[in-house]
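Look for chain A in each of the two complexes below; its partner is chain B in the first and chain C in the second.
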Partner chain A sequence: MTAPLTDNIDPRAARRGSVLGRFLRRPAGAISLGVFAVVVLVAVFAPLLAPHDPNFVDLSLFKAPPSAAHPLGGDSTGRDILSRLLFGARTTLIGAAIAIAVAVGIGVPSGLAAGYFGGVFDKIATWVSDALQAVPGMIILLIVAAASRNSFTFIMITVGVFLMPGYFRLTRSTTLTVRNEAYIDAAIVSGLSNTRILAKHVIKAVYAPIIIQTALTAGMAMGMQAGLQFLGIGSANTPGWGAMMNDGFTAILTDPLLLLWPSLALGITIAALAVMGSTLSDVLSVRQPAPRRKRRPAAPSSVDDATTGALHYEPAAAAVQVRNLKVSYPGADADIEVVHGIDLDVAPGEVLGIVGESGSGKSQTVFSILDLLPAAGVASCDALWIGGRDVSALDRKDRHKLLGSKLGYVPQEPMTNLDPSYTIGYQLIEPLRSVHKLGRTEARERAIGVLTRVGIHDPARVMRSYPHQLSGGMAQRVLIAGAISGHPSVLIADEPTTALDVTVQAEVLELLRELQQEYGMALVIVTHNFGVVADICDRVAVMKHGEIVEVGDVATIFTNPANDYTRELIAASLDDAASRTELDAAYDTTERKAVNA
Partner chain B sequence: MLRFTLKRLISGIILLLVVGTATFFLAHLAIGDPTVGLLGSSATPAQQAALAHKIGTDRPLLTQFLDWGGHAITGDFGTSWRNFQPVSGQISLKLPVTLSVVTFAIILSAVFGGLFGILAGLNPGTWIDKLVKGAAVVLFALPGFWVSLVLVVWFAVNLKWFPAVGYVQPTMSVQGWLRSITLPAVALALGAIVMVAEQLRNAFIAVNGQDFVRTLRSRGLTQTRVVLHLLRNAAPASLTVLALMFVGLLSGAVVVEQVFALPGIGAMTNGSSQNGDIPILLGITVVSVLFVVIVNFVLDVVLGWLNPKARVQ
Partner chain C sequence: MSTPLLSVQDLAIDYPLPGRRKTFRALNEVSLDIGAGECVGLVGESGSGKSTLGKAILGLVPVAGGQITFDGADITHLTRAARRKLAASIQVVFQDPYGSLDPSMSVGDILAEPLTTSGLGRRAADAAVKEMIDRVKLPSTVVGRFPHEFSGGQRQRIAIARALVRKPRLIVCDEPVSALDLTTQAAILDLFIELQRDTGVSYLFVTHDLGVVRRVCHRVAVMYRGDIVETGRGDSVTANPQDPYTRRLLMASPIANPQAQAERRAKWLELRADSAA
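== the complex of A and B ==
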């Protein structure tokens, strides 16, 4: 069985603070551990706690109702139910302990060896583990039960063997992860023996997941054990919950209480173990802030309401105009604002650059305009005009109706922005048919048309291809084709050339400029590179720390930047150019020397 | 692709051979002289010897193995040591019952596990997500027969919505058949449903965080269409869990059938193991593993077909 709870364990978390303390502070942890502790105590002190001999038959007790001497009454053989229940805890725990000892004893060392040394042993052990998981365990258990004349110990050892693959897989994969860490290589180089490395480093990483796995496995072992007893396997003189459930089930119509007590005992014990495992897993897991639902704050959250940036057009005349845009994310204590109230607009047919280094809030700004922020992000603004209409009050569904037809989007990283499971043709045609309501042939022709337009020479073949068969430059052209196929009035490109080769960058930029002029679109291009701005933008907004520090005509800003930060950015892009010229020059000289020599 | 398929096929055949051989020797060596169990302790040595000769256990073990193995490859698992009827015939009588329940349980797991998984995956951190996680923890841990008993008491004994025990042949009444396997299938499926839901949820969240989903949304696709893309990309992980569940369900069916008094291979295994009827036990083991191998093989082929990188070369 797989172990879903052990997936996200951070080995370092085990060392942070007191795990037990944090475990107990959670109500689920304290209660489940308390319940399990009671079961253990009952099992240990069963001889003292039980009022009667669990196997003593008193015929007057036959299905007897509860009385002072027999608080839970008698079973269908005339034995005291309470005593059998208490001794049953003992059987259950001993059985689970045997199974776990076997499973851990085989699974963990073989998993360590397979993960640490690999090789032939790894191959064989993995095959055996997989093979065991392919065999229906209950059938083999019944054979073993018959063969061993219902020997309790033999049966639980076999249960352990069938639970072993869980430990093997877990230990092997954890060991493999640790094995590939740099500090293990360092330990090997420094001459530590394999045994010492395994004992010192690997075991440390493996033990927390194993404890969690044990909580789950113990529950499974108890379930299998009780299941076998329920089938009538096991000695009649061994008081067990499963056997008591069988006894109760046959009398379900007349004496339902006979079934209730052992079922409760088994159910509560297994549930307590499961909750213990789950809580421990939560305590040891890497903390991820729970993503919060998107909400629209009624009032802007910051007190200081001064906005940065400037508006150049009447709202109705702008292709996009946003006023006082703020974006925030939930933090550990309070929300963290990453865009602090900016004003920005772009006119139809205009190319606007948004420049800034990473973390300046430029991508957050365009994702807010598109309404495509990550789930945890919250955007608010006083107004958002798109195509002459204030859309800031629209709900999510209506906002998304603007996508594709009014707003087009070209992403940064071409290789991760195509769905790997569908052909290019499907990904281009699907929105044309479902969003733009084109017919099958029409959509196909339009897709081939835009692919040809973006410079793809063999559109029919590319349509049949999957994303992994394309180069980065090709994929970016496909993404541009997808963005313009719905004839949007605004095209938003987020660092469209960053991930591409230098030669392809210029071509893609040129293509965007051509398309912008051909379709008369407004183009918003997000970049960290002033070279790109100089190449194609009409106006530029410079962003830093979530604010717009300067906005204006490209020519004006280039010749006379008002802000120090803008000056630095321009200088940085010029430096880059200068150094490249120097490199080229150096290369030319050395090559010439080489040729002359 | 063809080579991959062939490799998986051979691996499955090897597994069958190994399990068959191992079970044969485990059963024969452990059970010892089967005639004691078959005839009871009151039988005379002459009666025992006669039976041993009849069922062939007076021969060397290796000869017995070669005899059994040679026939088993052709699908002939010999005859039962108790009623001397062909094993294959008896298994094929009982197998439909077990497969009805297990198949029904798998369908329930796929449908409801899928539904809850999608809901939890689309709304992480909300009550539905927490409900799925909480249910996954407890329901997966509780054994199927325990859940069966609760269901029997509640729905069959108290509410009388379903029959508590017994099996109706689909040829007699399709409705009666469905009613007779509903509770067992639900009892088996509950644990699998939450496991599938949990897996699908995690796969969904992982896919949902990828860049291409944002780009798909930017094209104006509706939520339903985006969910289809998510499902398609989360499918391989979920199918793998579903196939893994099949073995667990087959195993769980052995006990659950007992609760509902269904005449499936579970009841037959239990009876045969108490009598030491080795041919039946071996036949059941090999046939069960054969089904597991088939399910895993189909899964591998489907996974390969779902993965464009494996399909297109």
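== the complex of A and C ==
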């Protein structure tokens, strides 16, 4: 009955390692974390490390140059600069910590609630957050400083309040995204309380961006704090880098070193935080490995022992001829090959189906023919002929010129393949003007002509429309119109009906059939649906794990498949399968037999 | 027939239209019954309201009118707390096997969570999880692994195990096989049937695929633009539909057989010409 689990569990994922490990393996991560750790240690152990009391005034030290007892010399009041610098780290970190605690403490919970529950709270909280950003922060800080008699804590709390909207908006938008995931709906249906869903499921998606934001915000808080001290706001006795910079600034012409030390300390700390933040965001976001495009020279073709897919056409007579096509992607250790050297011929005017399950390499194959592989993918082949012309040696620009002239392409997702910010008319006319060098009026007439041909009744209105104003089926018609407007000799359709309803699918297949006959194009249709194959294809190539396992004309493939996998795929379609009524009847009989026996 | 497990009476649901005062009527006073141990299919195209009906039964969308009765009790407008009690009885399997499992939790935690939050001890929960994993035919080693390590079919087995782990009486299956490969789809459908025979659970099976309906559903309701246009036995509606829309839907679905498909296409072209005239 139910087949037991046969396919293996992906082992690659377990090897990625922890976030911290990956962070430390990057030089930028290790160095920035090390620098920041030193600053923290200095702040914690300042009383032990500092050679002198930071507030002890020794008049002989007045603007003193560096000496053995005072390595960095004295400031304009006669205090030891090194000691003040070390204690200043303390002030800076405590100040930043207060600001961050306030910003996170208010921003994150309110962002979670606003994003998760929405409604009135969301409206009010968003309004407050926007309003806070519109208030001139510096004026408020000056008022708070005056009212609290320069209380360091109050000032930093106020800074925290002004940093809060950043956290609120980040948390709210992340929560909104997670809120729409099916696993949150599943958790609600499982009977979990809102508190638990927020604490167990939503927080986990939110915390990574919050940590990155904190590294950057901490730098901002330190900068603001130093700026306030520089302006003379805050207690004069608290040793702070900003206050030291103020002191140094007044003496910049006579003793520039006084300004250098605190500026250096602040600069290095903020830079370490910024690098930590950006490295962390690099580590957390899974990025594609850098694209490596290499084009192998076309080797002399060895067609004779072709295993699969070939019709043995003269290259010049075939609509498409591919020999020994391989597609690979960079993997963690070595390149992963997803298409293993296939041969494929498309005869002029025929409809070829490429059929297979996910991961079979069917889309990769047609993307290689179109030269539309994702950036990381690398295709190589011994020979590639399109419309009787060897194109394997052409560079990328010339290959792309084939699109829209020799080759037409109909994608799977009609909506994502139309640019939402341009009208349909613009998107149809532009390629005709740039590729086919048609004049404006001529291109417009051609566009209206093809739109009418694909069954759009009011082409002038559709030309003025934007993609979001069209239905999925209409958008697919527009894309088909675009694909045929250049009169290609080969039309390649990648799962053109998978995203559509069955009634719309029937319309689109009918349209493709009519166009194919009318224009005499070869049509290559990639699909996982044997119903679509039976409907439209003359010939079919069955793919599995990057290889063509069987190729033949449609009647033979369906009535007499040679390959076991082809047979399995055809048997998996439910058209002739037993209905539930029949299954239950059979089940009852066997049960009764078992009871009687 | 005895009283049905679930009964939907004249259910109406409105969606707010963004930026406007007006609402869009997604469900137009539909009625439907599901008996114990029965699989009822809900078939239609996108925008027909079939998923909305499923969501209304799960309490995920507000109801504008009508009544939903489960096991004799009115569940149309429940508070969150009352809904939580019902979670033991009504469960869900979603279409997207990628989005429906929390990527940061291990499979064992995903399956145990509904149990432990309902007050079951961790050890009893682990035993129940183990049994469930066995039932959906996954190896017991999967408990320590994370969702991203699995294929679509394996994830859907995990989602089915999560739905079944509290031994519910009704599972709403929202397009549970339409994101899967054909061969995987057949195996998962067989699993649904087998679990239904073993546990006596009822299914509301939302799908756009008449082939799926025929395979798993005892009865089926066909939806079109917020209305149920036809109901009947699964095998008879999918072989011999009475309503013009259902007929169009059937003739539009291609069959994996070139001769039969050529005939079907001819019939579809006829229907299309008739409806245009």
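In the analysis below, the second predicted complex is superposed on the first by the 385 of 597 C-alpha atoms of A that agree within 3 Å, B and C clash if a C-alpha of one lies under 4 Å from a C-alpha of the other, contacts with A are read in each partner's own complex, and residues count from 1 in each chain.
In the analysis below, a contact is a pair of C-beta atoms (placed from the backbone, for glycine too) under 8 Å apart; a residue touches a chain by one contact, two chains touch by 3 or more.
Predicted model only: the values in this text are computed from it and were never measured.
K.L.:
For A:L253 in the superposed arrangement: first (chain B), second (chain C), both or neither?
P.N.:
Only chain B; A:L253 stays clear of chain C.
K.L.:
Considering only touches as defined above, state whether A:V144 meets chain B (first), chain C (second), both or neither.
P.N.:
The first partner, chain B, only.
K.L.:
Should A:I188 be classified as contacting the first partner (chain B), the second (chain C), both, or neither?
P.N.:
Second partner only.
K.L.:
Does the superposition put A:P136 against chain B (first), chain C (second), both, or neither?
P.N.:
So A:P136 only meets chain B here.
K.L.:
After lining up the shared chain so the two structures overlap, which partner does A:L231 touch, if you call chain B first and chain C second: first, second, both or neither?
P.N.:
Only chain B; A:L231 stays clear of chain C.
K.L.:
If we overlay the two complexes on their shared chain A, which of chain B and chain C does A:K204 touch? Say first, second, both or neither.
P.N.:
second
K.L.:
Would you mind listing the overlap between the chain B footprint and the chain C footprint on chain A?
P.N.:
1-2, 4-5, 7
K.L.:
With touch defined as at the start, can you tell me which chain A residues reach chain C in the complex?
P.N.:
Touch residues, chain A against chain C: 1-5, 7, 9-11, 13-14, 181-183, 185-194, 196, 200-201, 204-205, 357-358, 472, 501-503, 505-506, 509-510, 528-535, 554-555, 558, 568-570, 572-584, 587.
K.L.:
Which chain A residues qualify as touching chain B in the complex?
P.N.:
Contact set of chain A toward chain B: 1-2, 4-5, 7, 131, 133-140, 142-148, 216, 219-220, 222-224, 226-228, 230-232, 245, 249, 252-253, 256, 259, 263, 266-267, 270-271, 273-275, 277-278, 290-293, 370, 372, 375, 397, 400-405, 407-409, 411, 413, 416-422, 427, 430-431, 434-435, 466, 468-469, 479, 482-483, 486.
K.L.:
Using the touch rule from the top, collect the residues of chain B that touch chain A in their complex.
P.N.:
15, 18-19, 23, 26-27, 30-31, 37, 123-126, 133, 136-138, 140-146, 149-150, 152-153, 157, 195, 198-199, 202, 210-212, 214-223, 225, 229, 232-233, 241, 244, 247-248, 250-252, 254-255, 258-259, 266, 269-270, 273-276, 281, 284-285, 288-289, 292-293, 296, 306, 308-309, 312
K.L.:
Give the list of chain C residues in touch with chain A in this complex.
P.N.:
Its residues touching chain A are 39, 45-46, 58-60, 80, 83-88, 90-92, 94-96, 99-102, 104-105, 113-114, 117-118, 137-139, 142, 145-146, 148-154, 157, 159, 162, 166, 181-187, 189-191, 193-194, 197, 208-209, 211-212, 214-218, 233-235, 238, 248-249, 251-258, 260-261, 265, 268-269.
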